[in-house]
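Chain lettering (A, B, C and D) follows the sequence in which the chains are written, and residue indices restart at 1 in each chain.
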Amino acid sequence: MINRREYTADEVHGIARRHRTWGRWGPDDELGHVNHLTADRIRAAAGLIRRGATFSLAIPMDRDGPQSGRKARVNPQHVMFRHGGDLLADWENAGRGMQSTDDAVYMALQSATQWDAFCHVFHDGRTYNDRGPETVTSAGALRNSITAMADRLVGRGVLLDLARFHQRPYLDPGEAIQAEDLAACAEAAGVEVGAGDIVLVRTGHLARRRAQEAWGDFVAGPAPGLGLGACDFLCPRGVAAVATDTWGLEVIPFESVDVRHPVHVVLLVNAGVLIGEIWDLDALAADCAADGVYEFFLTAPPLTITGAVGSPLNPIAIK
Amino acid sequence: MINRREYTADEVHGIARRHRTWGRWGPDDELGHVNHLTADRIRAAAGLIRRGATFSLAIPMDRDGPQSGRKARVNPQHVMFRHGGDLLADWENAGRGMQSTDDAVYMALQSATQWDAFCHVFHDGRTYNDRGPETVTSAGALRNSITAMADRLVGRGVLLDLARFHQRPYLDPGEAIQAEDLAACAEAAGVEVGAGDIVLVRTGHLARRRAQEAWGDFVAGPAPGLGLGACDFLCPRGVAAVATDTWGLEVIPFESVDVRHPVHVVLLVNAGVLIGEIWDLDALAADCAADGVYEFFLTAPPLTITGAVGSPLNPIAIK
Amino acid sequence: MINRREYTADEVHGIARRHRTWGRWGPDDELGHVNHLTADRIRAAAGLIRRGATFSLAIPMDRDGPQSGRKARVNPQHVMFRHGGDLLADWENAGRGMQSTDDAVYMALQSATQWDAFCHVFHDGRTYNDRGPETVTSAGALRNSITAMADRLVGRGVLLDLARFHQRPYLDPGEAIQAEDLAACAEAAGVEVGAGDIVLVRTGHLARRRAQEAWGDFVAGPAPGLGLGACDFLCPRGVAAVATDTWGLEVIPFESVDVRHPVHVVLLVNAGVLIGEIWDLDALAADCAADGVYEFFLTAPPLTITGAVGSPLNPIAIK
Amino acid sequence: MINRREYTADEVHGIARRHRTWGRWGPDDELGHVNHLTADRIRAAAGLIRRGATFSLAIPMDRDGPQSGRKARVNPQHVMFRHGGDLLADWENAGRGMQSTDDAVYMALQSATQWDAFCHVFHDGRTYNDRGPETVTSAGALRNSITAMADRLVGRGVLLDLARFHQRPYLDPGEAIQAEDLAACAEAAGVEVGAGDIVLVRTGHLARRRAQEAWGDFVAGPAPGLGLGACDFLCPRGVAAVATDTWGLEVIPFESVDVRHPVHVVLLVNAGVLIGEIWDLDALAADCAADGVYEFFLTAPPLTITGAVGSPLNPIAIK
């Protein structure tokens, strides 16, 4: 279906500059297009709760996740401090009265269903709104942390199910989704994409890997995803965030040999559009296909880990 | 104001039996009163979004949290894998093109704003719906994990601001909130508490400790909180969950010398009412006091950490 | 060269009983054959320090280790709290005066060069000296922890380089080393193996995987190693410990379809002989081949992690 | 007894320059005075093993350690992946055959008995041998990591028991140990301190806090320790390392209001003398007092955590 394109570094920079919003909301802004998630729009989005049906868009966070364990992003390591087996080991005492269990996790914040914060990506040494490297240190991000949005990220969600739109179970690795694809899919779905929306783009890639019962190269391997052209759809409309059912949002291999993750560079660094990754859109997509309604209330707040450059989350779509 | 009571073990067991719902929703049920969070009620709760104002109810998750570090529940340990300083250390290369930052956390799941899962507490060797110790092992909870509610926990929230109701900045450690207190506070607030509600009870204790700029004995020390009598208000009404701005929900010292955490035993183990702790209710409470509206849409999904016996979360109240 | 054998469960149990030492050093003993590491023998072993040459037998403990990341034993996750990049980010202040760096690790205790404690393995519900499951809980091991040997594990080391002995770069997966192989190798090396010795058996398997620049199935995959017959060499001689350059000490596939890790069952559970794994014996082996001296002083204390069932360590051989 | 002194920044710098060894062992050197730990000296030190008595100098590494939990250095968090309670929870199956237990730790590398690597401290932006901040990044230390000494740090140890020498149970916080104190104590102990030695200085402070059953301000609080004058004893003699039974080696408050940790600056950054902290010297000291022998073989290798700026360890003294 969809063809990928190739861009030089200069062309990527041109797209980035075209969508750059630095300064638009003032020098202290850390929200970018998330500013469009206004009270009015949140109130309006509440009207999309028509049935009260809820959909969790998070994958299970455990050792069977997609991470390979070869780099820093190991899968979430859930460990128990105390559990039922400890009661059994001291049953004479612990079998009576009140006993508690307890647990912890060691997890890379971007190892499962996640938000990328604006500070997650530098381009030419700057993050969103022209912040320099000194703003992200071992103490975490002083600016552009995901916690700047701790009370945001609820509002209107829109699903663009590119796989179903093309009547395919999944798009293929390397296939790029461009502006015209998003536009056509939205039109077919009967939804308009507008300011403050959180746009969910389904490629089918997560379902495919899950069906194979082996994550394989899900992390960092070839994948379908957004092409740079998609930015021309998303940015002018003022969408607050975009998320996919892939590891890295954008098409891999990238559309530029000169700039790694070029869509990240445009959206996170220049435009100020939040990025979500490894979102499980399958159950929601099935429901949307069934009732023909591709818009919903979406609640997707990050954890409040101070200075985090990303956050695991459990997004809930409500129709 | 409010006086605490004293109960024998037998009396606690009597209260527990009175509110026990085991089997009511079948032998496989893992939701208890959260079953009342139906689609109809979620839809109805959407009507409470009147202004689109959002309130994050989570405290910052970082090393300055309330945990003392003397036991397993250390404060969240946020660590950076790569940051702006790394770019500076290799500026000639990393100062150009795309660079990313990355991070992780080691955290006790109940070290900050949290849900207690039904499997968090055993009484006489059983968790909710008569599950035994073999259902919570090193692999996590096989039954009654917080993930059983991964797509629930959005709906109607009600704030009962006991501190303001008593025209005090905070209740004192040891003061117990009973059924009649909740009823009177709700009446004054003009709200009815009903099935499927998530009830937030504010004591002012979190604000007090924060004002003191030292957590002191916030964890496990004397605190105001629910008395056993509160169960007689919450359970018959079928509330789905109850959360406070304290470490342990219930009044400390406990109202029974024989049974530790007796309110947990009644709510988590017997009734199947979810418990939230260390919720920051201050900004929300100020808003409720200002506009006189003490009900709202509340979104409070847990993370999807497989088998977790608790979960950090960032609850969002929307008015 | 060396052929593997096959044993029924009954035969494994027979071997286990034959080498069982439970009660030999009293009901409270947690040392087994490590008891043979007496002051006299340590003093005698000091005489093996002839040149003052030292050899670290530990592999690097980092993310490039052998663990696949698919299970709980992820590779060691070394994280920095503060580093030089942080100084650069605040150079005007931090570029002057004293500044410190700091770091941490999340590591499975048996993810790299390690000791298995006696409590690491249960057989028919018992660990060494007839301890039951209640002795190893979430609090760690109350009995048979590796910390019981915190001030031991220095003494005489002996290298049996089976690969070189057979004039091969490495033994093949599935090849089993039996008593007669150890005896012949020791004789060729001109060493007698005796009570309290720490015996290092080199298969060449670690060097092989390293040369392939991919760990592949090093963890849990087919490997050369000790056969059950080796126990007949080690146990009667009273060796304190035995370690190899493989993941799991013993030959994989195991020599019994009925009992997993049968050599562990004999040595750890019944005989009380400590087991070391993933030891890097290559540099030491080259030196031994060069000077013909296969005995040395060996220092191999575990960390003092209370209740640990295993321990990473950096063993040092001194010739 | 011993009086502390006060130094200006210039005086500290003067002392630092006087003991600086940068370049002495070439521009690539990462060992400093540890270079004196030659094969000859190791061989000679073996002669100090006279009885075969061993002493572990590590404190227990667990949640009851000295760290307050308020900063990044939490106490070691030992967690079990699988234990005896899990067997009990599935006893019908797990009560038979072979079963294993497993565990992990999250630990700050300098939270317990430890080595400080040369890269642990920068002064005016440089570490030992004139390395800059770019040599210690999120990837760990590229130069001056403790792993540069992975096969060193065995040799002659000398105990200088300042507390006993002064016939006191412990020195008081703020008391500084100077060159003349070390010299007098060594003379009384009948030992000469020389090149390559690892010098253990006992203040009694650890025993004192332990006796109080509360760590209190052990971490970072006032403590007895080395004064800057001690450098004039240690550096000219070429000692390889110096360790104490305190949190921070040197006297606290520091002897300079201008330079924090001035002894660290002299020893780690300029002289290249390794620093050990939180070593438990009490049992060893009692033995030395009993037999009058204050020298011994000491084995103190670090873990091989790649790029670590410090390392937990279990030092073993052998007499």
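The rule is short, and it goes like this: a residue touches a chain if its C-beta (ideal position, glycine included) is under 8 Å from a C-beta of that chain, and two chains touch if they have at least 3 such contacts.
For reference, the UniProt names are A, B, C, D = Cyclase family protein.
Every value quoted in this text rests on a predicted model; they were computed, and no experiment measured them.
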item: Copies chain A and chain B - rotation angle from C-alpha fit, nearest 5 degrees; value: 180
item: Pair with more cross-chain C-beta pairs in contact, given B-C and B-D; value: B-D
item: Interchain centroid distance [CA atoms averaged], chain C/chain D, Å; value: 27
item: Gap in Å, rounded to a whole number, between the CA centres of chain D and chain B; value: 44
item: Multi-partner residues of chain D (each touching 2 or more other chains); value: 72, 77, 80-89, 104, 106, 133-134, 137-138
item: Interface residues, chain A side, partner chain C - complex; value: 63-64, 67-72, 74-75, 77, 80-83, 85-86, 89-90, 106, 133-134, 137-139
item: Chain B-facing residues of chain A, complex; value: 38-44, 46-47, 49-56, 58-62, 72-73, 76, 78, 80-85, 87-88, 91, 94-110, 112-113, 119-125, 132-138, 140-141, 147, 150-152, 154, 258-262, 264-265, 297, 299, 301-310, 312-314, 316, 318
item: In the complex with chain C, residue positions of chain B that touch it; value: 77, 79-81, 83-89, 104, 106, 138
